[in-house]
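Take a look at the structures listed below.
In what comes next, chain A is part of two complexes: it sits with chain B in the first one and with chain C in the second one.
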Partner chain A sequence: MFEAIAFYLFAFLTITMFYIAVTTSQALYALSSLAAGMIFISAFFFILGADFLGAVQIVVYSGAVMALYAFGMMFFDTTRDVKEKQGNKAIILGLSILSAILIVVIVSAPIVGNNIEAFYPMTEGAGNVQEVGMVLFTKYLVPFEVAAVMLLVAMVAGIVLAGKKMDLSLTLMTEAEILMMKEEDKNKKALS
Partner chain B sequence: MEIGLNHYLVLSTILFAIGLLGVIRRKNLLMLFFATEILLNSVNISFAAISHYYGDLTGQMFAFFVIAIAASEVAVGLGLLIVWHKKHNNIDLDSMSTMRG
Partner chain C sequence: MEMAYFIETIIKIVVVLLIFSALAGIGTYFERKVLAFMQRRLGPVNVGPFGLLQVAADGIKLFTKEDIVPTNVVSRVFKIAPVITAATAFMAAAAIPFLPSFTLFGYEVHPIVADINIGILYILGIMGVGLYGPLLAGMASANKFSLLSAARGAAVFISYEVITGLSILAPIMMVGSLSLIDFNQYQSSGITSWIVWSQPVAFVLFWIAAFAETGRTPFHLIANDHEIIDGFGTEYSGMRWGLFFIGEYANMFFISFVISILFLGGYGDGSFLGALGLLGKVAFFFFFFLWTRAAWPDVRPDQLMWLCWKVLMPIAVLNILITAIVMM
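And then the complex of A and B:
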């Protein structure tokens, strides 16, 4: 009973938050409603008994990804209203038909796959975190390491891409120096 | 009222459709990134639900890797966006047509 109440409550909240995130014209509203939606999604993971996944969802999405977006938005002009695309009618029609077919396939998938056997069944008497650890560090060790290398590559790429001219501080420079830097930038743009 | 697998799958499809709607109608690349996050999250819900109802941990493992990929995608994508914004002073999709033949 409580599971049903929790499911419908969080389903309503998540759908509302994500709907706001994709329809609002204010970047800040989109960011905060997206963060709220991520936290509500972790509630589903807790209902489903995937405690570790829920914790990871909160830490990674609401912590890391949202902080990254917030830092990224400092570089962009977020006060300006976001312009919307005037969509092509045929593309929208095709994609809505595609998603309708997708719903039918997804809902009928458990009926077709009724005789599926568990590949890595859950062990009795072990908590979710223990189970995840056991499977992740035995069967999925190689993908885990590859994911770690991929995160390292992403970190290096982020530093290289966004970290240009980070050694210059606009607050510590004099007016004349800033003006000179701007002139240089203009010249560079004119040349390229 | 028993909550079954289908409830979670329908919810996941609705969220996926919302994300798809965002991908279609957004022109600002930052907003497009938000929509892709929604798509990835909706898939994660269905992974966790299937993992729960079939008693199999593979679904949760996939969800972990999806989260890791999403995090690295955001790091690289935002770096590229910042570079583009420094150069062209806007992040509209329509302005990125330099690769057009």
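And then the complex of A and C:
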């Protein structure tokens, strides 16, 4: 009974939150409800007994939406409404409903068609983390490693793009050196 | 059966909520007294014996003060931000075993609200969500200094979350579980089995990161002390500000519990002495938070980032590597 109550409660909350995220014209409302929705989704993992995935959902998405907040801080005055350009509302509505139905059909078709069963049934006595680890490091080892390499590439690229004056430290420089650096920057801008 | 479990859980939640809300208030009294002692002042003395009723006076003031919502703020987000700080602090407490299990009126009580087998990951995740409180408060306040403090706070929290996660990884590899109760069992055979002896580096790193997670003094960047402004809490008044306060102090207590259980043996073998030992360790860590505040100035934001990314993170990664090699 409690499971049913929890499921309907969190289903309602999640859908409401994402609805607000889509419809509001206030950047801060949109971001906050997006974050809240992402965190409420973790409740479904907890209800299903997948504690590990639930916690990971919270950790990953709360951090990811945090980055969106940083962008919001940079690009908008988040306390004001954003004026959105809106085209034909009927087309937007139709397309979004169509794509939603398509996604549901695509995802649920194999479930209905083949009666999918779990490849790796639960091992007796093994915890949630161990289960995920076993599948991750046997069947899905290659995708896992590829994802790791991709993240490494992204990290190196990020450092190279962002770290233009990484060898300098304002903490260790004297006032005169900082002033000289600023002068050089000005000259460069004037030249270009 | 299910009903009994349900009622038991509700009672545990209420008890934890009441005790730690009250402790947050008493914590402010201790903070004032300890700081006063270290700075050769008297601290609160006028209200009640030894100034003890100062806590009650502050509480009455906070509850009865007018709740002001300034004109230009994003009012809904502004109102919900303090609730996030306080609520997430208490949600994180759900997976902390506060005492060993004991028998009360013939009924065995486990003083942990939910013994999920991923305890430490859950606690760190929820504490990470807790930083939405200051962030949202700063962004919704329509105040430049609040916004500055929110940005700074988010940067600090995100950076130090890396340290927390990485430093805890080596002990987790040794114990082979994420549950705090398993951590406790691993160290239950006496002082020599404490993880702090085999993982001193991880212990120090986690302790440093705990100061950043709770926003305490050496890393107290979420309040703009140097601009003589309270940072994200500037626009708040009354109980909304009080909720930030309760959240901060509850977090200090909970992180003290987590450090004691992870590295210092927790409640040991579960005897009465062990339980007292756990409370003593928690009291020491709480006192250490206050001690640092009296002894150290705040560090600059750029020094903080330098410390995090160029010193602590490489050490944490090396620690994991060495632990892995030794374990193999």
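The definition used in the following text is that the second predicted complex is superposed on the first by the 118 of 192 C-alpha atoms of A that agree within 3 Å, B and C clash if a C-alpha of one lies under 4 Å from a C-alpha of the other, contacts with A are read in each partner's own complex, and residues count from 1 in each chain.
Following the convention adopted for this analysis, a contact is a pair of C-beta atoms (placed from the backbone, for glycine too) under 8 Å apart; a residue touches a chain by one contact, two chains touch by 3 or more.
The structure presented is a predicted model; accordingly, all values stated were derived computationally and were not measured.
Peer 1: Quick one: is A:Phe44 in contact with chain B, with chain C, with both, or with neither? Answer first, second, both or neither.
Peer 2: first
Peer 1: In the overlaid three-chain picture, which partner chain does A:Leu179 touch, first (chain B) or second (chain C), both, or neither?
Peer 2: neither
Peer 1: Based on the superposed arrangement, let me know which partner A:Leu141 touches: chain B (first), chain C (second), both, or neither?
Peer 2: In the superposition, A:Leu141 touches no partner, neither chain B nor chain C.
Peer 1: On the A-aligned overlay, A:Ser32 touches which partner chain: chain B = first, chain C = second, or both, or neither?
Peer 2: A:Ser32: touches chain C, not chain B.
Peer 1: Have a look at where A:Ile97 lands relative to chain B and chain C in the superposition and call it first, second, both or neither.
Peer 2: Neither partner.
Peer 1: Quick one: is A:Gly127 in contact with chain B, with chain C, with both, or with neither? Answer first, second, both or neither.
Peer 2: After superposing on A, A:Gly127 lies in contact with chain C but is clear of chain B.
Peer 1: More chain A residues touched by chain B or by chain C?
Peer 2: When the residues of chain A touched by each partner are counted, B comes out ahead.
Peer 1: After the superposition on A, what does A:Val56 contact: first (chain B), second (chain C), both or neither?
Peer 2: both
Peer 1: Report for A:Met73: first if it touches chain B alone, second if chain C alone, otherwise both or neither.
Peer 2: both
Peer 1: Which parts of chain A are in contact with chain B and also with chain C?
Peer 2: Of chain A, residues 1, 52, 56, 69, 72-73 contact chain B in one complex and chain C in the other.
Peer 1: Touching chain C in the complex: which residues of chain A?
Peer 2: The touching residues are 1-2, 26, 28-29, 32, 35, 39, 51-52, 55-56, 58-59, 62-63, 66, 69-70, 72-73, 78-79, 127-129, 169-171.
Peer 1: Which stretch or stretches of chain B touch chain A in the complex?
Peer 2: It is residues 1-3, 5-22, 24-28, 30-31, 33-35, 37-38, 41, 44-46, 48-49, 51-58, 60-61, 63-65, 67-76, 78-83, 85-87, 91-94 of chain B that touch chain A.
Peer 1: Can you name the residues of chain C that touch chain A in the complex?
Peer 2: Residues of chain C touching chain A: 2, 6, 72-74, 76-77, 80, 116-118, 121-122, 124-126, 128-129, 131-132, 135-136, 139-140, 142, 147, 150-151, 154, 158, 161, 177-178, 300, 302-303, 306.
Peer 1: Using the touch definition from the top, list the residues of chain A that touch chain B in their complex.
Peer 2: Spelled out, the residues of chain A in touch with chain B are 1, 3-4, 7, 11, 14-15, 18-19, 21-22, 27, 30-31, 34, 37-38, 41, 44-45, 48-50, 52-53, 56-57, 60-61, 64-65, 68-69, 72-73, 75-76, 82-85, 87, 91-92, 95, 99, 102-103, 106-107, 109-110, 116, 118-122, 131-132, 135-136, 140, 143, 147, 150-151, 153-155, 157-162, 164, 189.
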